[in-house]
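Two complexes come next, and they have one chain in common, subunit A, joined by subunit B in the first and subunit C in the second.
So, the complex of A and B:
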């Protein structure tokens, strides 16, 4: 177990290093000089040269990567080219909005567990069939379309919920969270319910459940003690692995709902070629995703040691 | 000794049989019909539009559905129905090119990973996992900053973000077949590795991968819609499903009709491809049926 954990963490660190290097190389090929972006078209060549020197833009990619990681170890990701503020503090300001959205999506996704369990227990019944068709349909539809329809119905026609911004004050924040969360989360409710349904059906057919039933243990107790205990860890792992997708869609949904957050930050930074901000935001989200995937992998192995062979 | 001759059904007969089985359920019929319609409309798009999709008729702007304009007109008076039909062409082009290129890359790399030495396998796995852990949208934004917004940028984005999962799937499948008896037999008879891979492994691997690929078409359509909606994909005035949604969103307070109509083809095709993939998997791979 410890050996496996060390191996997974090693791979995680390697992935972050590789991803950052790849991003650095890609940014090298982007046309346009960051010095121009920062100083404007009327800057003197001397000023630009001094800035390039300060940002190490004249050195090779590898030297730049070295400086980037050296800075990172001291908690320094460089400065925003337009506002001159440290990237770390900008990220710290925007991250809570995105984190809030991702967490509320995860919480909403858990609603799939009772739906999936009920469908599995009453397999083939009308609830099973209806929820099956709805979840398969909703899994497929892109979140941007779900988001647009939600805005259309709940913000434009019914005027129940706001469609723009993040709001201030507890209730306003909650109200502003509902539509973006549903835009991403409806898909995940469907996904989780399908997943839970499949794994509950699988467990229900296994011998230990049959034995428990033969002993006359009530059906409810079997479900709680034997079935869900095996079926739920799998769900948690899948959600952990899927955090990358959730984060990706959160970016688009943030822009759709004009919500502040890492997504909107990156989008604006890419449009204005604000490289330090792009680097910082991509690094932060990659680290976040890698940590989430590794943790859920380890959690899964801890709960179910058999899966170690499949993962390695 | 008697010889038993087992006549294998021809490939054509097999395809016909699968379609027949597919159409035995209402959901299967529905999804097969929509997917077929998607292909037909996508190929013939330029010939079947009732109006010129980029012809501006400003006096007739933002009109609701009528006998003349079935799905109304947009802010420049262009016929939304015609624009959606032509948008199908781009969606089809994206789906076919990007998914097939990603498939080829995935199959080749997956086979290499499974059939060469441990180190190459390990290195390739690291590459797959790195690409997969890169947040998709961040990668997309970077590619667009590099190449500029265009249909081909979308193709590159989809290829890079989907090939690792095909490669991983192929790798797992090949590994489970690698030591199967019929492969051992081939090897004992002196068949070369490339012959084994081409003639014996590939046909066994292609089915599951094709099913996953068909279920990735919604992803392709979603990426196009998302990026074009942000103004980072297909450029106006070319109509695509994403740009139509964007037009509709800009005028959502004047008329909700464009967003509503623009979302319909997206919903229909994505649902149809997903349930087609599920039905095909049930038919072709009964082991997985739950």
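So, the complex of A and C:
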């Protein structure tokens, strides 16, 4: 297990390095001069040139990568071109908002497990059929559409929940999280429930379950100990991978709900060609995704040690 | 009651309970305003966005400031008196008792000297140095009095410098203590408001500054909420989370038809200008008859109706209504036959052109109308749509290869800021029409030095006539600023719709 964990962490670091380098190269092809954006139309050409020099924009991409990683090793991701604030400080302020959103979406997505399990156990029943129709329907609707309807109903019509912002204080933060979480999470409840249902049905038909029944073990115990333990690893893997999707959806949802966070920060930075912030934000997202997938792999191995051989 | 009904009831109760906490509606002494972006630069010599400007104008004093309302008029602010003695000299005296935050004492003439002279400090290399380009120096007479000396007459000083953001006074002692410049954390402030808290990307909280010696602002707290998507801002307004919000022009007709309760919608023309530019240096457009044909074929009224729902007035030039030099003379109306005739004279039966534009809905609709208009005279237009960052780099990317562009520029309330972009030295930088005219250049500099209001207006009329004669410009509109606010508020707005925060007050 320890060897496997070390191997996974090594791969994770390599992925972060490659993704960061790839992004650096891609940024070179994006049209738009950061010096123009930062200094505006009234700046003189000399001033713009001085800024390009300061940002190493006139250097080759290799030199720029060198400066980026040299800074990264010292915990320095550069400064925001607009406010001159350190990118690290900005990320430290914004990341918790996105982390809260992603974690709350994952928690909401877990509601799909009991729904899928109940539907599988009562296969063909009215709950199975109704949950099947609702799940598939929700999966088909983009989160932005769900978000818009949630805003219309709960923020504008009923005025129960806020439409924008992230709130201050525990209850306000919770309140501001509900609609964005549901906008992304409802789709995942449907998806996870369908996945769990299929896995549980498959496991229910396996011989070890039939044997357990033959021994007269109670159904609840069979479900908990012999069915879910085998059926859930696939769901854990999917949830681990889903963090990438949730983060990309968070960009849209953070814009829709005007929430601070890494997604909105990245979007604003790309629009304004604020490359140090783009690099920092994408690096943070990549680390977040890689850590999540690595943890899900390790959790998988803990739940089902056989998967270590498959993953290795 | 079934399990599902119980669950439904339960979740409803939870939501209502949670909703009861931390409701973010404004209190009576507080107002929440939407801004298009978060601020990023509070140093007046470096400001960039209107969000920067809004906060700078609220936290730093100015000798004079614009009145809120619909006309560009200034009034005394930190100055007790101010007077132009001759074209090169302005005398001023500060009001006593205006205090900086912290332990930096009173606002003095030395602060004024420091604030204005740093614009011409080459070491500071301020991008907004043009605000004070002809400044010679500021002479301190005593603690409260001083004299502003210019190297040459500078008419815009009364319009786009002193009452505008360039006129903000910063604390010499506090700024020197932090190294002579700052971005988001000024050493001290002395405006009607001071910054209480800034949550980047979420809100800026301003509170009334106890050291302000002018009229106390009606609201003790102002919360600025950055929402860059106009539709999201409208939703936040309808949900009661903000009291004043910008409105997308496309939403205005629908809002007028279904006004949110207790709300007022206001649309004002800005000092900005939106036009179709034709690049005279491009081989396909070098023949003036081709450009003239295009200007005759474009149906500006259809654009105003189709893309802007008939809301703004047709533009007559780059100077907006209400500004010195505004001309009431419109470009000629659409004349398809005349356009065809001109193309025939130029020996052109069909022509392929590209139109560069940004990806906003209104610009794309404008592009489609122009495409249809020009198809009628045998010109096939390909629309090249770009997001803003890419669009504004086209000068570098395409150069003379650009043919037609749809562009909107914002402008302070002085025409000199608009006319400067069309000087020959700006060709390819911001002058994408490659417009060149010696007479225009002479007039531009003459207008800056002309302190007689009437003569200056005449010069700008003449300059706009020269631009029209080039047939490189089709003036479309001055983009409107649409705002919605609660009817319990009397908004403090400048003529172009910008916020003047300390002028907001409860409606009587």
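Everything below uses one rule, namely that the second predicted complex is superposed on the first by the 270 of 312 C-alpha atoms of A that agree within 3 Å, B and C clash if a C-alpha of one lies under 4 Å from a C-alpha of the other, contacts with A are read in each partner's own complex, and residues count from 1 in each chain.
Everything that follows uses one rule, which is that contacts are C-beta pairs under 8 Å (C-beta built on N, C-alpha and C of every residue); 3 or more make two chains touch, one makes a residue touch a chain.
The shown structure was predicted, so the numbers you read here are calculated from the model rather than taken from an experiment.
Chemist: Just to be sure I read the superposition right, which of the two partners does A:151 touch: subunit B = first, subunit C = second, or both, or neither?
Modeler: both
Chemist: Quick one: classify A:222 as touching subunit B (first), subunit C (second), both or neither.
Modeler: Neither partner.
Chemist: Could you say whether A:100 touches subunit B, subunit C, both of them, or neither, answering first, second, both or neither?
Modeler: In the superposition, A:100 touches no partner, neither subunit B nor subunit C.
Chemist: Scan A:171 for contacts with subunit B and subunit C and give back first, second, both or neither.
Modeler: A:171: touches subunit C, not subunit B.
Chemist: After the superposition on A, what does A:273 contact: first (subunit B), second (subunit C), both or neither?
Modeler: both
Chemist: Have a look at where A:255 lands relative to subunit B and subunit C in the superposition and call it first, second, both or neither.
Modeler: both
Chemist: Once the shared chain is lined up, is A:162 touching subunit B (first), subunit C (second), both, or neither of them?
Modeler: The answer is second: A:162 touches subunit C but not subunit B.
Chemist: Taking the superposition on A as described, I'd like to know which of subunit B and subunit C A:195 touches: first, second, both or neither.
Modeler: In the superposed model, A:195 contacts neither subunit B nor subunit C.
Chemist: Starting from the residues of subunit A touching subunit B, keep only those that also touch subunit C in the other complex, and list them.
Modeler: Shared contact residues on subunit A: 30, 151, 156, 255-256, 270, 273.
Chemist: Using the touch rule from the top, collect the residues of subunit B that touch subunit A in their complex.
Modeler: Going by the criterion above, the answer is residues 27, 126-127, 129-130, 132-138, 141-146, 218, 221-222, 225-226, 229-230, 245, 248-249, 252-253, 256, 259-260, 263, 266-267, 270-271, 273-275, 278, 290.
Chemist: Which part of subunit A faces subunit B closely enough to touch in the complex?
Modeler: Residues of subunit A touching subunit B: 11, 14-15, 18-19, 22-23, 26-27, 29-30, 133, 136-137, 139-145, 148-149, 151-152, 156-157, 198, 201-202, 244-245, 247-249, 251-252, 255-256, 263, 266-267, 270, 273, 278, 281-282, 285-286, 289-290, 293.
Chemist: What residues on subunit A touch subunit C, complex-wise?
Modeler: Per the touch definition, subunit A meets subunit C at residues 30-33, 36-47, 50, 80, 82-85, 90, 93-94, 151, 154-156, 159-169, 171-172, 174-175, 178, 255-258, 260-261, 264-265, 268, 270-273.
Chemist: In the complex of these two chains, what residues of subunit C are touching subunit A?
Modeler: 15-16, 18-19, 21-22, 24, 37, 40-41, 48, 125, 127-130, 183-184, 199-203, 225-229, 232-233, 235-236, 238-242, 387-390, 392-393, 396-397, 421, 429-430
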